[in-house]
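These notes are about the structure you will find just below.
We call the chains A, B, C, D and E, going by the order they appear; numbering starts again at 1 in every chain.
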């Protein structure tokens, strides 16, 4: 049971970090700028980790993650702003509806492979966006004004829950089944794994957390508009996952933090911002094509065990 | 983000010899051309002011932030301007949505925000009709232009069966279309067709073919010149000869190049001013802008960006301070301020009250048609 | 004809060949035997230019070819039938054969060679228009050999040509190898089927974990205890 | 009559998509790279054509040629610098790089000339004539014929010429292709050159036809071309044209029915439906992996 | 003879115009070790693919253990007790050796997704059980020292063995081996023969194997089916097959080499 002890140590460390930041915010040492930065980072981590499950673990090339972000954002916003539900309830409803959307998208499309799957998911995300664009109840193109409810506490626990759920899922027989699908679908099938079930399952879980991130996102920015959920947003999330290292959860987290900070920093160079950003992207990919972390996890460096990723369970 | 230490001293850049102004604009992303249009106008104004000794002797220091045409980024940028850069006021953003994103931040941090082209009423007025104290705009509000266009169509052009072709991805276009439709219907006209396109489309033929079959005698096309230029061209190619009309989004020298002078005959638009207006102020601006931008003639965004800076300067001078609260009050109390895009006062909803001009295209030239007072 | 001198080849940090030297004379069949992972395929890949040796030299007909691009080496007259067939799976059988003659300009002779290959492997004629990816394993092996012969090489490198073939086919393949040699092509053959390989080869090298451990005339090696025990099995 | 007109509208829109999709599918077919920068090479082509015609006073055809040459060089340059190193990396890494290249081209262009659009001068007759009461413009006939001719040429190159065979060989197995004596680097460069030249040509034609060009003009047509290519069966040259046509006609029908704000959604719905029933597109052969 | 385990009746499959297999009839009884041989392209692998649900036969029925499996998907067939190795090795290359086996062990444990996510007791017991069992399998194949290596880093011969271990971990009644000795030298082939005999005893298996190495086939198979051009041309004991005219002509060649 040594491993489970380590698990609790991680949790404890995380909670301490949370408490310190919360304290600094309450005392005003960290102003709105920093709290907003931390919340944004948290949202991006949730997005990255949820897509990591779909692409990195299950190997399904989905490039339409922003669609589920949009579902979570709009649904939760409707529930708080228009229907007056408490924020946490709205968050969960948003996530569940996003998961359902994930099922609806996933069941027909996950039979597709590779680039065909990619374009189909991109297509679905665009369809979702266009639907919101055409619904006047949520403001159409003008967007929907949303109450400011997201706090560091919500964001932090959102991240914590996302990481725990996805890491635990990955390190179980179910996660292994997903990895087997990624490695060789035919062989996985021949080993008795219901590949369709696991693809759809991973997709739905990924969508659920994207929806959660959507709820946090919507209530952090006063207004949501369909144009925020275009395919370029999906690409941003995809970039976190790939830049971090496909198959590495900690890589996704690190890349999400890094790129959010870089992007914020580059605001000071409005003229060259996107040029620098794209150069960073190209150069990292050229010199580290398997991403910053490769398939390693940060815990590998503490050598608790030195096994291939995805196979970490031996409590 | 603590880029320059000189400004970390708290009191809103007041202490030093400079006035910091934030520009929260769409410099990349899908409406980059609007944001950069405002930036160009604003930069020109800032340069002129600084060359002439600044505001009360203090130089304007602009802090430009690119919000990537994204409301979330616009929020983050506003937070940064308010809490890190501690600017006196924010100019921007180009679109109403991105400006709305900054408004709550503005109220919280007592930082006035002026949306040069944020036409939606919601920028300054909340759904419960309360006014956002720190939010302002330089442009018309949507309903105003829509109403003028409708009256023009009914009364001047004697149109009866009108059609609307608007950008469904733009709240600006939708706002204009809405008030246009209401006014038409209130005054006995008939809307025979309502169609929409999506910004960045280039091919409008199928919808135009459909519109043509509805036989309208006037088509209202609120939207920006980038698409409208193509729509007018393709409409004429499709054999639509009736008068076409739009709003200030039509104002750009590119409009003529895109649509072609012939196609533009028999088209009209409402605007703040006419760049052909011999008025000295206007001509001076047009010349200065061309000089600074490789002979490019200014469009509506350039003019609004330019005016916004001058308006802010005026307010700071009247307030005698760079304190956000005082500047806000001065902005709200603006009376008969004469700028390039017209002479205006600010009403209780923070809308600039200014007269509109109806312009007509004749052989590729904007010609003054009539003036409509608010 | 081919002289390999003290080459070292690496995959990243793993050294697969450690100071290997070897010689092939014109008109010979030389076979290379050794356990899985000994480095046989690596050696062939290095000769044909798919890998570059870190140290050492390779000369072909007096000219050094180590480190040259693969297409240059093919042009010089070395053809390689790689391990695992590697046919162009979405192209037809015939197109695969045409690609074998990619660098040749003598169209008439190419057409003749094609006919000859169809004679050696009649099944390929039958499957002429079929996409080669849907061929059976054995059919693909034949195609891969046929494709290499189409280049009319001076030296043919064969990597386990009998792998996965039916007994009758194995015989055909080895028979073909002898035929090709008779027509003047020199052959360097890697085989697991050491019996057969030694029976048609003139000389042989035994390679173990990146080293040449034994070499000599094929018929001598057939008798050597060391070889018998390790590679010929108890049959 | 209205419907005939709409059909014509659909086909002329479709031929534009087809034109862009051809280069896309070509590059994809050979190196299996979703080249997101294709739309931006298309944009560069449009600008080269614009400058050639309006600043340097070249005629339409010299401008077209110039744009094709410059884009071909640009394409080869991009491949050598940004994609070559990634040949053995995961496809997704190459995709991210392509996204990076796309952003780089877009924003470098904006950096040097701003984001405002430019209007193409009138160089090709925009005459229209009547056909059964519908209007057909000379330009759309030109675009349709250019697309079809290019399709035929490409099809010929890829399937009948030596370099075409080399391209296909490279697309299936790079190492085995080397063993055939094929110069893989050059073959890939040629592929990029052709694909990018096509993008450049499409850019100029687009500019002439629709008048407006701007630095971000490549994004939407890029995605649409990708959709068209997938619809037809990605990597299959006639498929790109067929896919473009289907897309154009579907979009037109949706707008003609008065649902223009749904037309992109409709395009994607058609795409998804086709993929569900024909997972490799209209022309794609559904070859199952042999086990 | 014991119970009928597998009955293949008139099975055939067509790819476009090509009839890869037709009118195939086979019967296997529990505990048998049977060979399937035939020239290249005869349809052996294709038959395996039909038996395992990878291809759906276009005609005939396959009855395994009393159940029709024609239209089952591969994972269902595997769950009903048929597992296989592949002609071209298909390991999960980037997974560890141990995880490769654990994947095949998937259905042995029953802890749910929920229990995994919340780390309920059933998760720990299930995972522990899977791990222990997997290690047992690796031990049998002498692969336990390499259990933390990535599968792709194993030498070829070991990869073949790992594939068999993985197939066994799915707890089949019927094991299908597609050219298990391909690419092995005679010595390694000998070892493999011993291993096949061993697992057959130990796990009470029925085995059907495709192989071109006649030494192996004749050495361990009790019965042999011979396919040619998609059709059964002979069936019988090794002795009978060895001397069968048709088989010699189509497959073995004149003098049978050993």
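What we mean here is this: a contact is a pair of C-beta atoms (placed from the backbone, for glycine too) under 8 Å apart; a residue touches a chain by one contact, two chains touch by 3 or more.
Remember, it's a predicted structure, so these values are computed and weren't measured experimentally.
Q: So which chains are sitting against chain B and chain C at once?
A: Both chain B and chain C are touched by D, going by the contact rule given at the top.
Q: From chain A, how many touching-chain steps at minimum until you land on chain D?
A: Minimal hop count between chain A and chain D: 1.
Q: Count the touching C-beta pairs: is B-D or A-E ahead?
A: Counting C-beta pairs in contact for B-D and A-E gives the edge to A-E.
Q: Using C-alpha centroids, which chain lies at the maximum separation from chain C?
A: Following the centroid criterion, the farthest chain would be B.
Q: Farthest from chain E in C-alpha centre terms, which chain would that be?
A: Farthest by centroid: B.
Q: Could you put a whole-Å number on the gap between the CA centroids of chain A and chain C?
A: Distance between chain centres, rounded to whole Å: 50 Å.
Q: Distance between chain A and chain B based on Cα centroids, please, to the nearest Å.
A: 36
Q: Please tell me the distance, in whole Å, between the geometric centres of chain C and chain E computed from their C-alpha atoms.
A: 30
Q: Could you tell me the distance, in whole angstrom, between the mean C-alpha positions of chain C and chain D?
A: Taking the average C-alpha coordinate of chain C and of chain D, the gap between them is 42 Å.
Q: Note the residues in chain B that touch 2 or more other chains, in rising order.
A: 27-28, 30, 168
Q: What are the residue numbers in chain C that touch two or more other chains?
A: Residue numbers touching two or more other chains: 134.
Q: For chain A, write out the residues touching at least two other chains, lowest number first.
A: Residues 133-134, 186, 271, 273-274 of chain A touch two or more partner chains.
Q: Which part of chain B faces chain D closely enough to touch in the complex?
A: 27-28, 30, 32-33, 35-37, 40, 168, 195-198, 200, 202-203, 205-207, 209-210, 213, 226, 229-230, 233, 237-239, 254, 257-258, 260, 296
Q: Note which residues of chain D are touching chain B in the complex, please.
A: The contact residues of chain D facing chain B are 2, 5-6, 9-10, 12-13, 16, 107, 110, 114-119, 122, 126, 128, 135, 137, 206, 210-212, 214, 216, 219-220, 251-253, 255-256, 258, 260-261, 263-264.
Q: In the complex, go through chain E and note every residue touching chain C.
A: The touching residues are 15, 18, 37-42, 45, 87-88, 155-157, 179, 182-190, 212, 214-215, 250-253, 256-258.
Q: Quick one: which bits of chain A touch chain B in the complex? Just the residue numbers, please.
A: Interface residues on the chain A side: 31-33, 36-37, 40, 133-134, 140-143, 145, 148, 217, 220-228, 230, 232, 264-265, 267-268, 270-271, 273-274.
Q: So in the complex, which bits of chain D are touching chain C?
A: Per the touch definition, chain D meets chain C at residues 162, 165-166, 168-169, 171-173, 175-183, 287, 290.
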